[in-house]
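Presented sequentially are two complexes of chain A, the first with chain B as partner and the second with chain C.
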Partner chain A sequence: MWRVGTVVALHDETATARTITLDVPDWPGHVAGQHVDVRLTASDGYSAVRSYSIASAPNAEMRVELTVERLPNGEVSPYLTQELAVGDRLELRGPIGGWFVWRAQQTEPIQLIAGGSGIAPLMAMIRSRASTGSTAPFRLLYSVREPGAVFYREDLQTLLDRDNNVGLTYAYTRVAPKDWPRPPGRIDAALIADATWPSNLAPTCYVCGPTSFVESAVDFLSASGNSPDKIRTERFGPTGDRK
Partner chain B sequence: MNSHTYDYLDGNAAAGELSEIFAMDVTIAEAQCAHCGAIKRFAEAHLYMQAPGVVARCAVCEHVLLRFVKARQRAFLDLSGMRCLILGTSQLHKIVGRRSASY
Partner chain C sequence: MGIISRGFSGRRSTADVKLPPGQYLTTDFPVLSAGPTPHVSLDRWEFVIDDGTNVLRRWDWKAFRELPTETFTVDIHCVTRWSKLGTSWEGVSLDVLLADVRTDLSYAMFRSYGDYTTNVPLKDVINKQAWVAFKFDGADLAPEHGGPARLLIPHLYFWKSAKWVKGVTLMSHDKPGFWESLGYHIYGDPWREQRYSGDE
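And then the complex of A and B:
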């Protein structure tokens, strides 16, 4: 079932990524981690559908936030990040997916691992944790190319400052800030050992990012003793394009 | 790409497409592979969307579980790769509840 949302706010997260806030009057509510399909239809009837994770926590205002990363040769993302304006309407289907979700009833330790724009559904979980007053211990390992590529930086900092049951480790793959303890590079076994919950605490792990990133994160988590049953993944393909 | 390794998504990603056919969220159901017998969540299947439709493969043996193609005003759903789909009854109840609420 397709619904129509109206753009009520636009916010640039980075030079190439934009958060779109939609007001969806008949929104049935969502669970943190779910996604929506967005459909764009051209005047000749050609249509393209892409999936985007919901970045906002469930809320009573029928607001849905999506963060879209612009892909150089994308069919949909250049429009959504450069041309879409406040007041425009978008067709969307959702909320979708009941597997890659975090619910406030979950009290076990939660390990989140994001690669690039894979942070979006995990941010919804962190925001949902805060808005429901959950005390579940959370850790986020957030791998990004460079400091300028971090999404939601201020929001993350605010949530962190407020609650020491949420831990955050940034891992930079290309360029790290000056004096950063770890040289730039991909995630590895040592980083997973340092920055994630010990497997004997039996954390539920949520991993979201490009397919190759998710593959290696899952391998490291399994190698450090996490049960495959406790690892949930959301891959978004080789290029970051969700479809 | 000719490798199955890095070009797939998770079964999760088919939830929207499959919601056109199924009343419940099939991605949270368990699916038994007709080839190797493994039982995994459909959400954990390997999903290929580069084809003219959607192909889901078993995460254990890569055998095709499901094909969904729309062509010439028709939709083709091939489930022959799944021996069984196992659904939580609480999900079924939810659907009954939702239906009755809407009438």
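And then the complex of A and C:
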């Protein structure tokens, strides 16, 4: 069934990504990590649907936040990041997916690894941890092209300052900030060893990003002793309208 | 018809093809998996047919590759809404694999390396409808696409085409597999848009 959400806020995360806050009066609630289908309909009835991860924690206000990265040849993402205005109504279906999720009952260490806009569902987990008062130890390894490509920067900093059970390591692939200790480059075994939980703590790992990023992150996690059944992945591929 | 999205015109496919409802065309081959890509060595690979109690048939890679193969070209439809047309594969038909299996069981649960499972009525994998494929576009199937071998049931959503398939358990009653337990449709016909549990 399709629900109707009203856009109540828009926030540019980066030059190409925007967070859309929707008020969805009949929202049934969600679990951090789930996604929704969004449907756009043209005046002649033609419609297009894409999936986007929910970036917000479950909340009592019936608010759902989606962060959409604009894809150069996308059909739906240019509309959502450039045309959509506060007050517009959007149709959505969901929440969907019961695998790539974090629930507040989980007390084990959590390792999050994000590539680019793959941060969105992981941010929902971090926010959900904070809003439920969970004390599960979290670490996030967040790989971005350049400093300007970071989503949720202030929110992440606030959550970090408030709780020393959440750790964050940025990794830059193209351009790093001045004096950054690690030269720009893709994630590698040394970075995984430095920035993730030791595998003997048996963390549950959530890895989200482009396919090639996820494949290599998972290979490094496995090589450092993490069991495959503790690694959950969400990939978005070359066509990639996912996220 | 849904709520009109002010200012949205969309990009209709110009190709003269009919896609299942809600799908769009892609020429890429996106990868979607729930966990790590298993790397299965051929000397340990096997494909086993059982009925939950007894092993009915078993092949190692060498025996499997000695079976007659077919090349076939099919359209595939992913529940995440991309469709890819005219993909060409080589594989062993399930008709060949099930040829000597006498059973009155009506359902199948396919099992994969990495512990993925997916359920299908047995009638959907016989009569030239399903294969265990080991080549895509003339080349060995890459691990991220399910190599060494994956199931292919092109008339159902692509999550039914289990990557890294290692066998099938025949069952008397239908039972949900991995995604089917996590909110996805028990059968998954793209032409009836059976994406999620609750879709008719």
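As a working rule, the second predicted complex is superposed on the first by the 240 of 243 C-alpha atoms of A that agree within 3 Å, B and C clash if a C-alpha of one lies under 4 Å from a C-alpha of the other, contacts with A are read in each partner's own complex, and residues count from 1 in each chain.
Operating definition for what follows: a residue touches a chain if its C-beta (ideal position, glycine included) is under 8 Å from a C-beta of that chain, and two chains touch if they have at least 3 such contacts.
Remember, predicted model here, so these are calculated numbers, not experimental data.
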Query = Touching A:E215 in the superposition: chain B (first), chain C (second), both, neither?
reply = both
Request  = Look at A:W99 in the shared chain and tell me whether it touches chain B only, chain C only, both, or neither; answer first, second, both or neither.
outcome  = both
First, second, both or neither for A:R235, with chain B first and chain C second = both
Ask   = Per the overlay, which chain contacts more chain A residues, chain B or chain C?
value = C
Query = Does the superposition put A:S51 against chain B (first), chain C (second), both, or neither?
reply = both
Key: Residues on chain A lying within both footprints (that of chain B and that of chain C)   = 49, 51, 93, 96-100, 211, 215, 232-233, 235-238, 242
Query = Which residues of chain A touch chain B in the complex?
reply = 1, 35-37, 49, 51, 93-94, 96-100, 211-212, 215, 232-238, 242-243
Ask   = Which chain B residues qualify as touching chain A in the complex?
value = 1, 5-13, 15-17, 19, 25, 27-28, 41, 43-44, 49
Message = Touching residues of chain C toward chain A in the complex: what are they?
response = 1-12, 22, 24, 26, 28-38, 80-82, 114-115, 144, 178-179, 181-183, 196
Query = Which residues, counting only chain A, touch chain C once they are in their complex?
reply = 2, 4, 39-43, 45-51, 75, 79, 83, 85, 88-91, 93, 96-100, 211, 215, 218-219, 221-222, 228-229, 231-233, 235-242
